[in-house]
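Down below are the structures I want you to see.
Look for subunit A in each of the two complexes below; its partner is subunit B in the first and subunit C in the second.
Here is the complex of A and B:
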């Protein structure tokens, strides 16, 4: 009898009893649930789901307690509940994304990305015009807002982590308080200070300022967190090598936190890219391309979506779905880019 | 009670030659001197009346149990101490004839003269090996005349040149712990310090890397003065000419119990606490 000849994968082997018990729980409960829904007051699809969920909860817990693979009831309950939560979460996300992708892709045409809406009236066919002006407007306003809030946010974070000046608690407090500012208030502020007072007109610039107010706390807080992760040893080493604090920050601390700072920027962008309310008050909206962010109303994807939905005709609602789809893809691209960029920094 | 010592006792011969060398050393000029150094963190008195002289071109080891203030003391010698929150200081540290704590003295200038190597190897992660070597010059805004010569000289002195000469552009994170520590030494050497402080430089390293760093120290002391904090008494015996024994007794600030030529302190200590510590009976 040879001993070594037979290879096998002990972790793969399935115990028949365990398999049977699992089958009963996972396949038996839906049948039982169906039986209960048909024969009792519970009705319909949702009734079935509720009954099934509770039946499964009970049987899976019992199986955990008395079945072949024993575990504590609390452990198996926890497992079933957390799995249910994950499924609920995924259902939620998918049910949001599904109509956007379905209706968006159904109506999307490539020329939508480049043409503006100056030739489209109410309920014009989707073969004419597009949302290029809104796409460009979003890129411009969000880009400008990033340009404003990234340096300020990082400097504020540096004040808290490196300078540690007397104002540190106040900076922390205000950053925290600012992250609770409703976006419409930021819009109203920019409108009242810059537009109503007659200093500027509706423009991408004012919109960018309103968005910066919303972006700043996100950028500052994230930057603070990543700067805190830079080991103190590196700061000490830089100072011991005769660096001034600013040189040490610029040459050592900031480069060490590079990938995290990219994340801070991305989170800031994600915070504002879908904002609508402040843009209605500051950028207003436009039917055609406006390449000058300093002057004149400018269209953005969120305001475009809002205005198309308000028109309410079949073709206009479809345009809104297309814009929603484009916005979602844009967000996806920004996030993937951030992933790639920050992982590349980490390797370096 | 078992009196077997924790380390190998050098032969009488070694003791004698050691003493001869010490006599020569004692006549050497003093590179740095601590006078009545006292340290507090807020109201907590952690070091009391430390008086030590560090002769030129010698290695001085600071030994003592954890928490006795050795690392705190070493940080007072290049003005890194003041960067810690709540730090206070009394006394003087004399370098080149004047107190480095005289008002108006630029701490950056002091740190250029008094280099430091830390306990954990800490090369800058965003820089390549070569960039790490010359980072001190860039941090202190000094002119870099010939990059590759500077790199080669410092890395050779630190005993790392042969291992890294073909990959100066590679990230410093790819080096082993021991190589990283030698890179950190090279990084300090570029600034040509008069004094090199080493805060337990080998505590995170394997014996092979430790040996290489010790060899490097023996070569470096030809051109500078080295002060090393170590928990390893064999290391103190191997590398140092002078030793100071720090101790903080229950609830009291740390002080220097005894200092002097290493061989004497280890084999003929004046204080019974030193005797107990160097023979591994506590600590």
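Here is the complex of A and C:
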């Protein structure tokens, strides 16, 4: 999204000297940095990156000052600095994802997806047992949470777009404020309301309540955005045909925004699928399949990762990485689904 | 016979909307749905407050200003306690604020750099893919950042911390430590949180920077401004309040982060680590709750709800301020 208007200079052909100078400076600097890193006190990748960064600041400004294409030194500095921010961010991202894929794929076996952990003790070989119970638990709790939060989220969005009453700014403000509720607070709340009061035990249902609190603001805000895109003409036309407002919404507005509402649901799912803290307080964890969301602790992928990692033995940590890999793949699927559906919605 | 007829002028009528019953019902259901967020928020506050009330009454204001976590015999004096608990979460509150501010300090410059690169520097295809990566990172679960912090970052960050300590601790006392062990420090937690909030700040900043009116940009260029001069004098002032709001949204997220911090921070309840960010002791209310909850007695659970209340209020205020600032910035454009 480059907003800045380009200055076109069609009369100037691409100058080979300029290009050569740029290539030499921008590609040569890392080598010079490597040379300095090896021959001085700096060490390792971090040392190289730091040297490269400062060296490039100097070389780029020198190029701007004395190269064939003159430009302000501050321009060169800005470009190096913002590129450095991008590179630093990308390096961090790669270092986050790399071990998940590397260790996850290395230890992943297909039967992990279906077997539960009832036969595995501490440090059992990865040939036995798996995380199927956690995968199913995640799907169940997140599915239930979607079931709770999607209707309420859409209602909140419909209030803003259809009723347009005096409360509109307040509704939006509180939805916004709710999106800042820390996940652990949602867990504490669900625990206090349903478990501490003795209504239910640790269970998938309580976990779903906690998750739907976190999901609701995302769903409501996205739904509001897509309902706003439904043209007012459609609403007026439906009303002019003699429809009641309820019918106009049900038969015209909602169908028109259908795939956008699917996007809202998917974004909500993406928001909560990796939540750990509230699940530790409400779902707790289990070693076996638990198909009943109303009774008994249930395992989920994030709590499984948490507990396996804290066990700390070699094979248990490997199991944690496998689960992290499966979770990340799940997040990736949800994320790409959201992209596909929302791009379709924008085209329609 | 000619009769003149008065021309009929119809009176302007008042338009009255009488809604049918079905519409009235529909609209009231929508109002209920709209108010749900408010109901949920007050419900959360109410439950946290009521559950923690006995402990708050016992400990009073010192619950938020003292640094103790001693459960004694798990009874309150009015329940016949001989060894009364002493409760205060100030070290945790301060720790939360310290690591979150540290995270902001790291994240804001990187986010601004990213957002400027996306909106005003990179060619279109690079900008698009970078935006995609930023959005993707926003969806990565926090527990994976926790694993990353404990497994990948910790060995490196210990080296960086050691370097900072040996070379800079005399000029900057914040790098001083009592013990030469650099693991599980606020510094490390700050880095992990920074990576987690960069996508949030970047997406707000990108949106604001991308909406700078074209007239202003071309105007600056027509006056002969170079790219940086234009950005410094037009883009950055225009987006300032948006970036501040985005940073506060990130701050709210960082304050409430639980498991990622739990993996990389050594929680010490009895002693406030004011500014020694490399010292292996710190605090975080959210991680503290999760670390104690599993083995807590009923009284301790009540006390943890008190801690939750403090966290809830803190994040709510931060987020409300952030929302106001961001909305103001959006409206101005």
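Throughout what follows, the second predicted complex is superposed on the first by the 261 of 348 C-alpha atoms of A that agree within 3 Å, B and C clash if a C-alpha of one lies under 4 Å from a C-alpha of the other, contacts with A are read in each partner's own complex, and residues count from 1 in each chain.
In the analysis below, a residue touches a chain if its C-beta (ideal position, glycine included) is under 8 Å from a C-beta of that chain, and two chains touch if they have at least 3 such contacts.
Everything quoted here is computed from the prediction, not taken from an experiment.
After overlaying the two complexes on the shared chain, residue contacts for A:101 are found with neither subunit B nor subunit C. Contacts of A:53 after superposition: neither subunit B nor subunit C is touched. In the superposed pair of complexes, A:331 makes contact with subunit C only, with no contact to subunit B. In the superposed model, A:280 makes contact with subunit C only, not with subunit B. When the two structures are aligned on the shared chain, A:231 is found in touch with subunit B, with no touch to subunit C. Within the superposed three-chain model, A:252 lies in touch with subunit B and out of touch with subunit C [touch as defined at top].
Considering which of subunit B and subunit C touches more of subunit A, the answer is C. By the document's definition of touching, both partners, subunit B and subunit C, reach A:244.
Subunit A residues in contact with subunit B (one complex) as well as with subunit C (other complex) are 244. The part of subunit B that touches subunit A in the complex is made up of residues 78, 80, 83, 108-109, 111-112, 115-116, 118, 120, 122, 124-127, 135-136, 138-141, 171, 184, 187-188, 191. Residue ranges on subunit C touching subunit A, taken from their complex, read 19-20, 22-23, 25-27, 29-38, 40-41, 43-44, 47-48, 51, 109-114, 116-124, 127, 130-131, 133-137, 139-145, 147-148, 150-153, 156, 159-160, 195, 198, 206, 210, 212, 214, 217-218, 221, 226-232, 249, 252-253, 255-259, 263, 286, 289-290, 293-294, 301, 304-305, 308, 311-312, 315-316, 318-320, 322-323. Considering their complex, residues 231, 233-234, 236-244, 247-248, 251-252, 255-256, 258, 348 of subunit A touch subunit B.
Those residues of subunit A lying in contact with subunit C across their complex are 1-5, 7, 44, 46, 71-72, 74-75, 77-79, 81-86, 88-90, 92-93, 95-100, 152, 154-156, 158-160, 162-163, 165, 167-168, 170-171, 173-186, 188-189, 192-193, 196, 213, 216-217, 220, 244-246, 249, 270, 273-277, 280-281, 302, 305-306, 309, 320-321, 324, 327-328, 331, 334-335.
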